[in-house]
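The two complexes that follow have subunit A in common; it is paired with subunit B in the first and with subunit C in the second.
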Partner chain A sequence: MRKYLALIKGGFLEGIAYKENFLTGLLANFVQVVVFYYVWKSIFLYHTEINGYTWEIMKKYVIVSFLCNSTFSFGFEMQTANSIISGNIITDLLKPLSYRSLTFFKAVGTAGMEFLITFLWCGTFLVMCNGMQNIEVWRVLLLLFSILLGMGIKFNIQYIFSMFCFYTDNAYGVVKGREVLTNFCSGALVPLALFPGFLQKIVTVMPFSGIVYIPCSIFDGIFCWQKCWEALLFQSVWNVILFAFGSILWKKASSVIALYGG
Partner chain B sequence: MPMESIAVKNLYKKYKISQRQEGFAGMVKYLFHPQYKEKEAVKGISFSIQQGECVAFLGANGAGKSTTIKMLTGIMKPTEGKISVMGNDPFRERLINAGKIGVVFGQKTQLWWDIPVKDSFELLHSIYEIPDNVYEENLNLFKKILELEEFIDQPARKLSLGQRVRADIAAALLHDPPVLFLDEPTIGLDVAVKQKVYQFLQYINKEKKTTILLTSHDLKDMEWLCRRLIILEKGEILFDDEITKIFDNYPEAETLEEIIIELFNGNTKK
Partner chain C sequence: MGRYRKYFKIYRKMQEMNIKSLMYYRADFLMMTFFTLLSQVSNLAVIGIIYTNIPTVGGWSVWEILLLYGYLLFSEGWVNFFFQGSWKIAQMVNKSEIDRFLVRPLPAGMQMVASRIDFDGLNKMIIALGILSVGIKNCKINWTIIKILYFVASLLTASMIRFCMIWMASCMSFWMQGPKNSLNYLVLSVGEMAKYPLIIYPGLLKGIFGYIIPYAYISYYPAGFLLGKRDMLPGYLLLFPVCIGMLWLSAVCLKRGLGKYESAGN
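For the complex of A and B:
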């Protein structure tokens, strides 16, 4: 147990070492959320309702989707890829810890700090432009729980994609591909409920929806009480599946590690 | 009777190297039908090392030294053959093996780049689950001998090469591993630091009975540290005996390269 806490602390310290990075990222994200906010606002000037979404709901969706999407988003695939190419991955493999635990707990340390700060300012932003109306305590609690599960999904997906980096030299393509796929299918850009019929059916059963769409829908009131629990179950099941898949991939990928030179 | 700490039997490692033909046509062809050539980096070597021995692994660039070290540390899967390090198969039992070995790669660092060296050590303290008294004792000892005090509060990226290697060696030994692997630990170091590192290794070998296996290009440097020498060339063992014997066999040779050339010529004639 102590080793995992130490890794979380290490990730946290590393996060602080890169605080400028994080702060500029935060600023860029802030601009993005404001743009989204006003784009939707102007759309809702001409429609009172789109597929069950009113401006009141959409407001919450935009802000919370941002909260879900921006934490744990650093994408450690790039780190993994770089360390494979530079050969530095061997120092990670020499630790008496599985590579997954190592990356996971380090990531938790970094993400913990990110999440806390993003949560605070997203909350402030929401209260500022929405007030406290229509916010229920149980939905907030379920939201936090759901975000946690969503982060698990996100981590597992990133872990799986970072395994692909063992096979390809072009990690940038893999990472970008994953990012686009996640952004599009998770509901970070547009709520999945607004997708056309057949596409909507596909994306809602994919694990990506657990990252943004589910937590948001729990919070903004689109899901009823029962649907909330089903959604949490859905997230949990995907966590288990992706975890198992990641384990299998690691078995395969770790034996192709060929570190030339040195 | 001394215990066997490393046993290697018939170890093979083949790499797949992609073959791409020149020009645009070659690129397109590669895209649809990639071709690979197999390269044997290590060709069936066997040796065994007793607990407490200090062995030098010598060879020119590309001789297979690093590949062998990487297989011994469990990072890389051998194509064929058997390895046992302190009774464990390094690749299959990587996590168990990792707790029993210390590794230093002269060209890489296991210190966290952006946090102070002291914090990196603290992390290793937890990751390896080192008992507090052992950790304190080792840290104080290493601080003294390797003179870590002057830079222990700085992040690894700010250290000079000599400082970084000293910190890395300390990091690899904090958990009192019975086996220590060093892959070109003194590459690029000046004579004074090199001397300090070798003296420290000798001390560790003597006091803690740590088995040491280190690679280098430099024969002269290791003469007084290691008693046994293994020479690798093109993935095969050319020489495995006491270090003094190599000079008896080749009294006129000045450098390792000369000896290797002679050994290799002798090998192909047979």
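For the complex of A and C:
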């Protein structure tokens, strides 16, 4: 247990040390939120409802999607790639725990810091523009639980993508590809319910929807009680599948490492 | 005049050398092309999805929005292709690469912008021109000679304004001196707002995008002129003075920055 705590602490301190990166990422995400906030606002001036979304619901959606999207956002693909190129990965492999646990607990530490800051920011923002009404306690609790599962999915996807770094030197491309895919399919840009028919069917069964769309829909009241539990189950199942897939990939990828010199 | 022709020739030679060094990483290049395409498709899909649910945003139709998007993307590609060095000033200052530029009989600023190239910029410019032509085709613009000239001039002017923004944000590295500078990334991401008409934002943001980080001149005003939108006259005309002002500020930043520059010793 102590070794995990040490890693979490390390990740937390690392997050603070590189806070500049995190803060710019956060601000960049925030710009995106502000843009969508005003785009939707201008749209809802002329429409009272779009596909079940009212301006009240959309406001909540936009703000909570910022919360889900900002935490755990930077990814560790770059780190993995750098340690493969420099050969430092050997020191990680020698440690008495698996590479996944190593990255996971470090990421938990960093994500903890990110989550605290974003949560406070979002909370204030939401209360400022929406007031306290219409916020139900059980939905907040389910939201937190759902975000936790969403983080799991996010971590597993990042882990799978970082495996590609064993095959290519272009980590920037890998990160960019993952970001584009996640942002689009998770509902961070537009709620999945507004997607046209066939596309909606595809994206709602993909794991990405568990990162932003599901937590947001649980919170803003689009999902009924039963649908919430189904959604949480959906997230858990994807966590397991992605975890298994990650293990298989690691077996394959870790065998191709070629370290030069020594 | 002859001096500038010489500089231009040397700039071209430097860019050719950059391209040759890129040939070495061909697989990388193909991968980046793929990812650029992917992200552009996803961005356009977001706009498409919004517009399948509603007809206009702030009075602008989907084809008009494509004009905004095209201007913005073109300027981004322009910076990547012709002035990619402006992204790397933090690194140049931190590793004192600028020493090398200062001892050569050429303007340091020119060597800095030409020290890198990102071929991806060419992809972006081509995609942007494609998007612009689709937008223009569907917008029913009354073309006159003035509009055609304005279109070409505004595309270039907007791109130079974008370059100046990135350049100034990067030049802050002369004072911050850290190995990284994320201000330029921040300036880039603020550009997200220029994808939608300025009219939808509240007064404060309008002020910021019109005067402090002048993104309004990169997409909103030039596209507005082509589409014949009303009440924007000062914006159309201010575009050119703003560009000159930004270029002047960039030159001042460079001069002051180089004055502050103190190598790293050998």
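Just so it is clear, the second predicted complex is superposed on the first by the 260 of 262 C-alpha atoms of A that agree within 3 Å, B and C clash if a C-alpha of one lies under 4 Å from a C-alpha of the other, contacts with A are read in each partner's own complex, and residues count from 1 in each chain.
Here is the rule we go by: a contact is a pair of C-beta atoms (placed from the backbone, for glycine too) under 8 Å apart; a residue touches a chain by one contact, two chains touch by 3 or more.
All values reported here derive from a predicted model rather than from experimental measurement.
Peer 1: Determine, under the contact definition given at the top, whether A:Val127 touches first (subunit B), second (subunit C), both, or neither.
Peer 2: neither
Peer 1: Would you sort A:Ile202 into first (subunit B), second (subunit C), both or neither based on which partner it touches?
Peer 2: After superposing on A, A:Ile202 lies clear of both subunit B and subunit C.
Peer 1: Tell me which partner A:Leu141 touches in the superposition: subunit B (first), subunit C (second), both or neither.
Peer 2: A:Leu141: touches no partner chain.
Peer 1: For A:Ala17, using the defined touch cut-off, is the partner it touches subunit B, subunit C, both, or neither? Pick first, second, both or neither.
Peer 2: The first partner, subunit B, only.
Peer 1: Can A:Ile241 be said to touch subunit B (first), subunit C (second), both, or neither?
Peer 2: In the superposition, A:Ile241 contacts neither subunit B nor subunit C.
Peer 1: Do subunit B and subunit C touch any of the same residues on subunit A, and if so, which?
Peer 2: Of subunit A, no residue contacts subunit B in one complex and subunit C in the other.
Peer 1: Going by the contact rule set out above, which residues of subunit A touch subunit C in the complex?
Peer 2: 20-21, 24, 27-28, 31-32, 34-35, 38-39, 41-43, 46-47, 50-51, 168-170, 173, 176-177, 180-181, 183-184, 189-190, 194-196, 199
Peer 1: Report the residues of subunit B in contact with subunit A in the complex, numbered from low to high.
Peer 2: Residues 15-16, 66, 70, 73-77, 91, 94-96, 98-99, 101, 103, 105, 107-110, 112, 114-115, 119, 122-123, 125-129, 155, 183 of subunit B touch subunit A in their complex.
Peer 1: Residues of subunit A touching subunit B in their complex?
Peer 2: On the subunit A side, the touching residues are 2-3, 5-7, 9-10, 13-14, 17-18, 87-88, 90-91, 93-98, 254-255, 257-262.
Peer 1: What residues of subunit C sit close enough to touch subunit A in their complex?
Peer 2: 27-28, 31-32, 34-35, 38-39, 42, 45-46, 49-50, 52-54, 56-58, 178, 180, 182-183, 185-186, 189-190, 192-193, 195-196, 199-202, 205
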